[in-house]
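Both complexes below contain subunit A, partnered by subunit B and then by subunit C.
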Partner chain A sequence: MTALLEVNNISKSYQVSSRLFGATTESILSDVSFELESGKILAVVGESGSGKSTLARQVVKLEQPDSGEMFLDGKPYVSIPDLHQRVRMIFQNPAASLNPRKRVYQLLEGPLKNYRNLSRSERDDLIFQSLEKVGLSNEQAQRYPHMLSGGQGQRIAMARAIISGPQVIVADEAVSALDVSVQAQILNLIMDLRDDMGMSWLFITHDISVVNVIADTVLVLYAGRMMEMGPVKQVLESPLHPYTRKLLQSVPGVDSPGNEVVAVDVKSASDDTLPEGPACAYLARCPLADKYCAECVPPMMNLDKHLVACLKAVKSP
Partner chain B sequence: MSNESSVMSRQSSVRKNPPFLLKVKNLSVDFRSHGKSISAVESVNYDACAGETVAVVGESGSGKSVTALAIMGLIRKPGILRSGMVKFDGKDLLALSSRQRRKYMGRNLSMIFQEPATSLNPSFSIGQQITEVLKLHENLNHAQRHNRALDLINEVGISDPVKCLKLWPHQLSGGMNQRVMIAMAISCNPSLLIADEPTTALDVTVQAQILDLLRSLQQKNNMGMIFITHDLSVVSNIAHRVVVMYAGQVVENCPTTELFQQPQHPYTEALLKSLPTKNSYKNKRLYSIKGSPPKAGERLSGCRFYSRCNYAKNNCREESPKLINDLQSNYRAVRCFYPLTNATNHMLDLFDDSLA
Partner chain C sequence: MSKADTSTEIYDLTPWQETWVKFRTNRIAALGLLVLLILIISAIFAPLLVTHDPHEQFTDILLAPPFWADGSQSGFFLGTDDLGRDMFSRLIYGARYSLFLGFAIVSLALFFGVAIGAIAGMKRGLLETVILRLMDIMLAIPAILLAIVIVALLGASLMNAAMAVSIVLLPHFVRITRAAVITEMNKDYVLSAKLDGSRGWKLLFQTLLPNISAPLIVQSTLSFSNAILDIAALGFLGLGAQPPTPEWGTLLSSSREFIEVAPWTVTLPGLAILITVLASNLLGDGLRDALDPRIDPL
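Up next, the complex of A and B:
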């Protein structure tokens, strides 16, 4: 079976201007590859600055990667004219991503007008159908975004994403700004939409407990490089990469109240200077690092569908 | 278990002799809008002892931050402090004149805000901002202030204090800025620190560091702390005691371990059930609370959680329940006519599910 979405070794760097040295390029993503099967959810986790959102922008083709290829349904991205209909995106904050001057109806009408040649009544039908799918009533169509609550706003953003019948939805921190009770509703909705419409999700988040509930596979990014990828259960229960272990330790859990999370080190990712030349990106913070780690970028090893880029990775017995 | 018992013992040692450091009583705050008066916070009661962390949790709009602002005397028009009393160290904070309050706040009582990037002034260096607090409250000369600032920066775990003082807020990351905020807040050794969502905007790894830092500072200075958050997992991690707010009221107030083991208010129970946890079943639907919280201004009679409550009975719609102390358990209060007991509590189901 071929994967629905295939991303092969994409890299992206941005030009950064500095007063002293003029423009320099800074590599944000390097050699990221993954496959997403239809009807599955792939979660991308990492700290801020790890390149999660940059990855999202490449996948929805808002930007062109410097190198690497992407395929949807076996066809390369460049040969798909209606890509923006088939790969859609949901942003973090509905209050910021929905145009405040437009009514819900107009917001949902936008993608249909842009991509499809439909009559007014056909558009109406689709709009009301997608509102129903996300659990809203037809009356909401005449409202403005400021009249909606956070949860309703995120539902509209979702309706806007599913209205063109996409195959892949990229959700960039789609539940991070919501309260717990609303977050639960939206996560349920994502699972329902996946089951009813069979679409795949690239779910970007920093919340590990959310990953555990909805995702099938998880990809851990650090400084734009893939650290670890594998089935959720395997990665969360027996992480192989020291960074993943640290990330999991930092998550406070309610399962064991009174358990104090321990801050493992004092530095945070953004304070680190990344190693120069080929070396492991996690070198400076890694407790296990030795001289070999400073000599090469660790290759991706495949241990039973569980990929890890670490020279020190050992499968626990 | 050892962890739990350590929290328990800390809990009881903290609460043994409660001359409360902070006592908030019947605090109500209204906001005027379009000629109408909208109640944001309604007769809120809670207290905190020295060395104790009290977490205030609730959804957005539940009045957590407004209560904190009222304690600090920061409610401005169109907000009105309708009634209430805030006693801190035996002093009535609300009776202070603004001149007295300026002298008092920041010294004995200080606050950390949610977004470090917006609460630091972008046009002053870190050093200038930290020494400004010292200039106002402490009688120190320039060199002493500078040294004190270096100590503070060191204390919050920034590795190169000399360099840090010369930097500007935009040159530091979110976690570093938050550390600077904490350094400013603790610069005069306050006996109470109010932290309003101090880790919400931060990554989990940075969050773990900040929680660690706050905990160790608290133990060192025996500081009381009001920790406002909407994240229950953070609460379980840092708090001795939890105050749960819903639609402007306190609905439950109880020690942390008891809250997580046996919530008494249906809202608290529902909140805990809707949390995705490490043990959540894969692909199992999460529990979600039906309906949405009442909007400000449309507060009805009866229990405010009535329409969303699974256990509601007829009288819940008509009469408003009061916050009642549980006499059996120590220092536990709940605002419900039918508080959940072991028999009715569905949390057990949750744990059964996760074991299955």
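Up next, the complex of A and C:
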């Protein structure tokens, strides 16, 4: 089976002006590659500052990566004129991503008006269909975003994403701003939509406990580099990278009262813990690091579809 | 949504309804709005309200005092000026000039200010720098001085004075629009509008402008009072409206030599300017509070 979405070695850096004159560039993503198959859900996990949102911006073509290529259905991004209809995005907080001055109807109408030449009744049909698919009634169409609850708002954002019949939806922390009970509803809705409409999801989250429920494959990012990628079961049950293990330890669980929660280091990747020159990005925080880790960027090793970038992965303790 | 389930709770209101509900609770601002409305109505219906033609000279009744003073003449209840013209009628007609010019000047400055500011905020880069430095230069020159220079270049007339004042007001609108556009451009709802296919002017008018209207409306009401003041000042200096136009600033200057014998000829146009400026400033302050989502009196 060929991949629906193929991302090859994309890198992105931003200019940061550090001093009065002159600017330095800061690398946010480096050499990220993955494949997303049709009808699958790929979760991207990492802490704040790990480049998850930057990755999302490249995939939906809000920005151009500095290097690397992306393919949808085997065609390069540049040759797809209707890419914005085929790859859609859902943002974290519906209160911020829905224009407060527009009614729900106008919000959903936007992509249809801009991308497709439809009559008003055809637009109405599509709008009400997509509202129905996300479990909302037609009455919501005349409301303003601030009249909706967080869960309803995120459903509207999903309705807007699916209205153009996309193949891929990028959900950037789509459930992180919601109550836990509402989170479950939205996660179920994502899986229902996947089953009904057959689209693939790139599900970005900092919450590794959500990944277990929803994803087929998981990609762990740290400081914009891939640490580990593999089928969800393998990665969560037998993580090979020390960073993945740390993320898993930091999940508070209600069902295991004896387990102490281990906090991930207070320092995050965005602090100046990144090594100079070629070395493992996780060097400064890694409990297993030795002199070899400081000498090269660990190559991606493929251990039976389970990829890991760690020199210590093979003889894990 | 049916009428039955429309409650008066604040989160059931449209954004503009919410602003109105907040605005109503501010008594002083509502007073400002009321005064402005009265002024506008009296300017529109001036021919029906006035007791005399504003240009008609009653040469036997020169400098008659207003009704509360000794020696007032019946029929001229705000007195007459040095040429025997009815002050009340001239003031009412003067409201036409001041208010109309205020609106025209602010509309002009708002239109071009938003256009230029939006280009600067959306395009960024070199163009933005050039626009901003130009506006800085305009701001560095005192407003009335700049207006005088422009009128001197264009020639003294009411229309040229109006042009000059709107050029003077322009930089404020440019800067406010640019700053607001830059802030909003990075917000998620603008990003999603971009992903939904809104670009350029469409993005500006449909997505950005409704969300940055609050500071622009406030600046417009405050600029309105500035415009009226500046036009009056230019009129007073003889660079705006020319006599016998009953413009308030011109009324002030043409009667200033009679300040000792007939103080009302100077005081009344001054009061008219004061009341108008005060009312629009109160309205502006009230709107600022009502449009600011961080201030919630309810």
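The working rule: the second predicted complex is superposed on the first by the 301 of 317 C-alpha atoms of A that agree within 3 Å, B and C clash if a C-alpha of one lies under 4 Å from a C-alpha of the other, contacts with A are read in each partner's own complex, and residues count from 1 in each chain.
Convention: contacts are C-beta pairs under 8 Å (C-beta built on N, C-alpha and C of every residue); 3 or more make two chains touch, one makes a residue touch a chain.
The structure presented is a predicted model; accordingly, all values stated were derived computationally and were not measured.
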| item | value |
| --- | --- |
| Three-chain arrangement built on subunit A, subunit B and subunit C clash or fit | fit |
| Which of subunit B and subunit C A:235 touches, first, second, both or neither | neither |
| Which superposed partner A:193 touches (first subunit B, second subunit C, both, neither) | neither |
| Partner contacting more residues of subunit A (subunit B vs subunit C) | B |
| Touched partner set for A:202, first subunit B, second subunit C, both or neither | neither |
| Subunit B versus subunit C as contact partner of A:313, first or second or both or neither | neither |
| Subunit B versus subunit C as contact partner of A:219, first or second or both or neither | neither |
| After the two structures are overlaid on chain A, angle v-u-w for subunit B, subunit A, subunit C in degrees (C-alpha centres, nearest 10) | 80 |
| Minimum distance between Cα atoms of subunit B and subunit C in the superposition (Å) | 5 |
| Residues of subunit A at both interfaces, subunit B in one complex, subunit C in the other | none |
| Contact footprint of subunit C on subunit A as seen in their complex | 60, 62, 84, 88-89, 91-93, 96-102, 110-111, 113-115, 139, 142-144, 146-147, 157, 160 |
| Residues of subunit A that touch subunit B when the two form their complex | 47-48, 149-151, 179-185, 187-188, 191, 206-210, 212-214, 232-233, 236, 246-247, 249-264, 266-271 |
| Contacting residues of subunit C [partner subunit A, same complex] | 1, 11-12, 14-15, 187-189, 191-198, 202, 207, 210-211 |
| Interfacial residue positions of subunit B with respect to subunit A in the complex | 3-4, 6-8, 59-60, 157, 159, 173-176, 203-209, 211-213, 215, 230-234, 236-238, 256-257, 259-261, 270-272, 274-289, 292, 354 |
